[in-house]
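Next, two complexes with chain A in common: one pairs it with chain B, the other with chain C.
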Partner chain A sequence: MTNAKLHILGLKKEKRTAWLFILPTLILITCVYAYPIITTLVYSVTTIDISTYTIKEFAGLRNFQYIVSNEFFNRTLVRTIYFGLMVVVVTILLAIGVSLLINIDFKGNKILKILILLPWAVPPVVSGVMWSQMFQYEYGFINKIIKIFGGEGDTIWLGSPTLALHVLIITEIWRWLPFATLFIFAALQTIPHSVIEAAALDGAGYIKTVKEVILPIIFPGVIPVAIFLFVSAMKAFDTIFVLTAGGPRSGTTTLNYLVYLQGFQQFKFGRAAATAYILTFIILVVIFVVFTLNRLTSKRRLIND
Partner chain B sequence: MIKRNFLTNLTIYLSSAALVIFILSPLYVVAITSLQFEKDIRSPNLNLIPQYLDFRHYLAIFQPDHIVPVLPAMRNSLIVSTLAALISVLIATPAAYALNRMHFPKSKVILRMLISVYILPTLLFIIPLYIAWINLGLFDTYVGLLILYTTFMLPFTVWVLGSFVKSIPIEIEEAAKIDGASTTQLLTKIMIPLLRPGLFACLIFGFVLSWVEFATPLIFTSKIKMITVSLGLYRSTVDIQIGQLAAAAVIITLPVILITLILQKQIQQVILTGADR
Partner chain C sequence: MAGDVGGNAVPRKDISRRKALGFGAAAGGLLATGGLASLLASCSGGKKNEIAAPGTNFTGQLSLLLGSHMTAVKGLAQKYNTKHGVLPTVEEITTPDLRSKITTSFLAKTSPWDAVFTTSTIAQEMGQNKWALPADGFLNQSPRKNETFLENAMAPVNYRGNYYGTPWSVGAPLLHWNKKMFEEVGLDPEAPANWHSTKNSWDTFLEYAKELTGTRNGVKNYGFTDAWAADHKLYTFGSLLQMHGGKFLDEEGEPIFDSDAGEESIIKMYDLLNTYKVVDPAVDTYTWVFDASPGYMSGNRGMFFTWPFIAGVAQDPKTSKVVGVSGVAPQPAVDTSASVDGSEYLFVPTLASNPDEGWRFLDLMSSKESQTAIAETGWASIYGDINTDPAILKKFPYYQAIADSYKYPVDGGFSPDRAVWGKILGNEISEALAGKKSAKEALINAKKLMNEERKS
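Then we have the complex of A and B:
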């Protein structure tokens, strides 16, 4: 056999081995992701008989029509988007602040770097329990502090839909701050200290340096973090389940939680499947818009430079 | 260190203090609550700085007749989390190697597909899986939970291990190839020993992810025998023993907090390589 033939034989053999290496992953992915994604799509245009778990009838687009024409759905949609935006914007702003802070050389900054990671390791159920105790109206920490500073301290935080939604937002921010900080801090560290110091020597104030030097450099690194946070907020479930169970008066029901309620409380699997697809569609649209905007602005920045 | 004026220093320490309070206060409140008498927890004049420490809530939750079996829950979580982390690393390692180092058609597309799974809401898969799990007899079983835990972290593990594979110089492999090593030998004899830090980091990460998992056991188990820590904690919220609830929260959080503190380098590495695209 010639060398070339041997080489081709070798490549063929390598390809077969590669397939074997990937096969277990592909099988699991197909069974646990691909099959359900397609089945959910089928369910979304049917009604399911929950005594036998089989398809009862073809419903066409009735599930979607029912959902979209529902006033409750519209309010949930607006609430979900607001919740997502708040989590993304506040977490990112805080993470930038924290990153700038731990980038400064001062006593205690090492401890701060470790502490900031802690919420990541706290099970979401526990953070739900913790924050519900923090905001408990009779003996919660928050009301106690308000009393110490001379306030009334009798707000029933989890009793009002609006307040409860913001308690939920705080809980989610607390949970995702470590992750966001880790990334933005990593982006920040790519800037050499000399650049920051040079700006300082130029007489530019710290705030000016941050605005004109640091933020433009870390901005590309912020986009993926923002998308990750948005997707996480859209997928939030555990904290909602434990903290508020979607209430009061559905004030903390997001689309994802609505899918759960429709599926596993009302056992309307067809309707839940349709809502899940609407949520997926919204997530995809938002990601697409952010990427397109980012491409456009980065092009413009290039031209301006 | 650059000399800073008083005002700058003050700003630095004040914002550090605010950050520490924000991060730690919920943890502190739960820890304190777990160590106070129930009647004091409920009284409006509970001290923020404890006057005494009482461990009775901890004893109570470990009693065999407690409403939520904490010890069995911890055992279940330990078994499922350990196995899920092991299996996912075992399956992901050859896949990560093949997708990053071998001649494989469309490996880029497969990698991208794997990671885009995370964009999709989990509830998009759950309904058909729930029905399938009931029909296949996987509902309320270790195997059923294991398949789900393993697969939910699998794309991420393949992705992260892929970055570790790429960081190993290709020359080492080429030298072994010239010495006549087969592909399987390359993986087991050359790559795996070099990948050890990455494999370890992924194991730890996978364990923590499984330990905190809540929605999966909530939907795919119902028997108290199958209860996991997160679910157990939630179930104990139906009881209104706040002290015991707080004690249970501390007990199930402590292992993962300790792991995070001790292995923070590895965990940071996994998180950063995981989404660094």
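Then we have the complex of A and C:
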């Protein structure tokens, strides 16, 4: 047998083994989620009688039509995407910065690494309460700090829809920063020292090394983090529930929260199911776009290399 | 080399860690649907247990869902154990989270509780969906007699002629004021006591609020505070609406709040907040009483429209700086004084596993002895004679203000869909208070959205 054939056979075996490892998870996910996904699809095209919890009538695409033609939904959609993108972009930028910092050898580095992970251990409801107290306009920590630095310190952070939305973004960034940092730091650890040394020998300073060497190397590792963050932001619920309950003036209602409002405040389960499907569709589209962009940039990088 | 590090240089079709993560992310996307779907799916199936009237099938088990503020009722659990040899398990819930909690459970056709706390806002919804057992027979037993209760306090639980709740305490928002602050700015500290019986005293209320607002000794003081977030503002809007002679709904349950009275009510709220800036500016972020009360208790809010029990809480030196200086009276008047009933109730769920234990607990709770104990903790009893007992009245003089407040309209537009349209109306009033819509536009839009919601 030629070496090439042996290599192909080896690859096939490796692939088979990989599938075997993944199969139990795939079966579990299919069993656990297939039923509710199908049920939700059925609900999205029906009207439910809540007193008996039975299907009242077949609604066709009426729920979807109602949602997409609704001005409130459109505003919520734009807000949700903005919320998601802000969480992804700012978290990743901060995570890169923090990863670069803890990648430097200095005294206290290990303690810093542990401290960075702490927000991850805090339950979202607890962090929601904590942030709501920090942003309280009269006795809150944030306004006190602003006062110390000479500001008015009387901003009602949760009183305006725009400000409240950004408070939520900050809270979500704080929540997910440890996760993103951990991933990006892991990617940084895979860069051989020789690469950094070679860049230094070529006369590149720290900033140039980061920009021209480190960031391109870790970029492929950032993609799954970005997707994970985007999906998490789209699914954000507990923080919104505790901090703003979707207000003021619905200014912090995201699509996922809207699903809750429709389902468990208005009991329009058909409508809630349809909104959930639209949200899932949006998430899948974004994942597809990110993967496609990544593939295109990877190809271009290969050609350049 | 770069590709080697990132695992991206050689496009391979095998399963990389990155692809696996990508798949995980995609699966996460599906969870957005799956999460809801799991909840929805759990709503099908389950047991059914319809019991129409209290009986004697005592199972020795009792589970209660009580409001986190209902310490007085919680205290009856031990008494129940002593009397009946059954120690109830008690779960607590905050009022804003109550509806989500119980409806989710009832939709799943389960009730882990045998007696459940309910508010005037959602009581009829429980009746309409047949989630609560009618209490008519129970209420007509001694010492409970329908006629012994305040008629207005029973209206919220009356759905199509049946009562779906037994009150544990009655009350509607009252005017609380800080007499010390009044004196500091040279105002008569006893004046608000008679505003409820003085036509157009709202104007005096406003003038007082203006005087009370300002920075003194480096501390910002506001004339008035309240909880105006989401639909909580409907207590003040509803009070103003009725002070102007308006109503939320007509006899058929159709919305009529888009009246001149409604418009004038929003304008009055807008003026307090924006024109004269006499209200705590964060009022729109306060979801319920406990968000707004720290401001009043800190001693720099002059007046506060809120629940009667705050008068008792304000006397606790551990949490309050207004001990001994907090006055209480029914709210001021325009054409008349008015408020919105906020009495609280317990009901036995249709799906309760131990309904007779639930009824027996309600029997204990509504006994004269227990009601006296409840009144001793600062929560007005459901029986007038207990509230007006000289010994109790001496300790809790504001019970008189509660009784007086029920002489005026206290309707809250109670209907089975009150929680749904309440949110719509609350949101539209917020738009008007933020200056995004005129009062009229907000009310017309609220009515339009409410009707659409009812038709859909």
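Just so it is clear, the second predicted complex is superposed on the first by the 269 of 305 C-alpha atoms of A that agree within 3 Å, B and C clash if a C-alpha of one lies under 4 Å from a C-alpha of the other, contacts with A are read in each partner's own complex, and residues count from 1 in each chain.
Note that in this section a residue touches a chain if its C-beta (ideal position, glycine included) is under 8 Å from a C-beta of that chain, and two chains touch if they have at least 3 such contacts.
Remember, predicted model here, so these are calculated numbers, not experimental data.
Asks: By the touch definition at the top of the document, which applies to A:Thr209: first (chain B), second (chain C), both, or neither?
Replies: neither
Asks: Applying the document's definition of touch, where does A:Gln265 land relative to chain B and chain C: first, second, both, or neither?
Replies: second
Asks: With the two structures laid over each other on chain A, which partner does A:Ile287 touch: chain B (first), chain C (second), both, or neither?
Replies: Touch partners of A:Ile287: chain B and chain C.
Asks: After the superposition on A, what does A:Thr46 contact: first (chain B), second (chain C), both or neither?
Replies: In the superposition, A:Thr46 touches no partner, neither chain B nor chain C.
Asks: Pick one for A:Thr254: touches chain B only (first), chain C only (second), both, or neither.
Replies: neither
Asks: Regarding the shared-chain residue A:Thr76, is it in contact with chain B (first), chain C (second), both, or neither?
Replies: The answer is neither, since A:Thr76 touches no partner chain.
Asks: Between chain B (first) and chain C (second), which, if any, makes contact with A:Ala276: first, second, both or neither?
Replies: After superposing on A, A:Ala276 lies in contact with both chain B and chain C.
Asks: Can A:Met134 be said to touch chain B (first), chain C (second), both, or neither?
Replies: The first partner, chain B, only.
Asks: Which partner chains sit in contact with A:Tyr35 here, chain B, chain C, both or neither? Use first/second/both/neither.
Replies: both
Asks: Share the list of chain A residues that count as touching for chain B in one structure and for chain C in the other.
Replies: 11, 14-15, 18-19, 22, 29, 32-33, 35-37, 39-40, 43, 53, 138-139, 224, 228, 231, 234-235, 256, 259, 263-264, 269, 272-273, 276-277, 279-280, 283-284, 287
Asks: Sort out for me which residues of chain A touch chain C in the complex.
Replies: So the residues of chain A touching chain C come out as 11, 14-15, 18-19, 22, 29, 32-33, 35-37, 39-40, 43, 50-51, 53, 66, 137-139, 154, 156, 158-159, 187, 190-192, 195, 216-221, 223-224, 227-228, 230-232, 234-235, 245, 247-250, 256, 259, 263-269, 271-273, 276-277, 279-280, 283-284, 287, 291, 298-299, 301-302, 305.
Asks: Per the contact definition, I'd like the list of chain B residues that touch chain A in the complex.
Replies: My answer: residues 1-2, 8-9, 12-13, 15-16, 19-20, 22-27, 29-30, 33, 41-44, 46, 48, 91-92, 94-95, 97-99, 102-105, 110, 114, 117-132, 134-135, 147-148, 150-152, 154-155, 158, 183-184, 187, 208, 211-212, 214-215, 218-219, 229-231, 233-234, 237, 242, 245-246, 249, 252-253, 256-257, 259-261, 264, 267-268, 271-272, 275-277.
Asks: Could you list, by residue number, the parts of chain C that touch chain A in their complex?
Replies: Residues in contact with chain A: 1-3, 5-9, 11, 13-15, 18, 20-22, 24-41, 43-44, 96, 99-100, 103-104, 107, 109, 128-130, 220, 229-230, 281-282, 284-285, 287, 294-295, 419-420, 423, 427, 430-431, 434, 436, 453, 456.
Asks: What part of chain A is in contact with chain B in the complex they form?
Replies: 11, 13-15, 17-22, 24-25, 28-29, 31-33, 35-37, 39-40, 43, 53, 97-98, 101, 104-106, 108-109, 112, 114-127, 129-131, 133-134, 138-139, 141, 144, 174, 177, 179, 182-183, 186, 197, 206, 224, 228, 231, 234-235, 237-238, 241-242, 256, 259-260, 263-264, 269, 272-273, 276-277, 279-280, 283-284, 287
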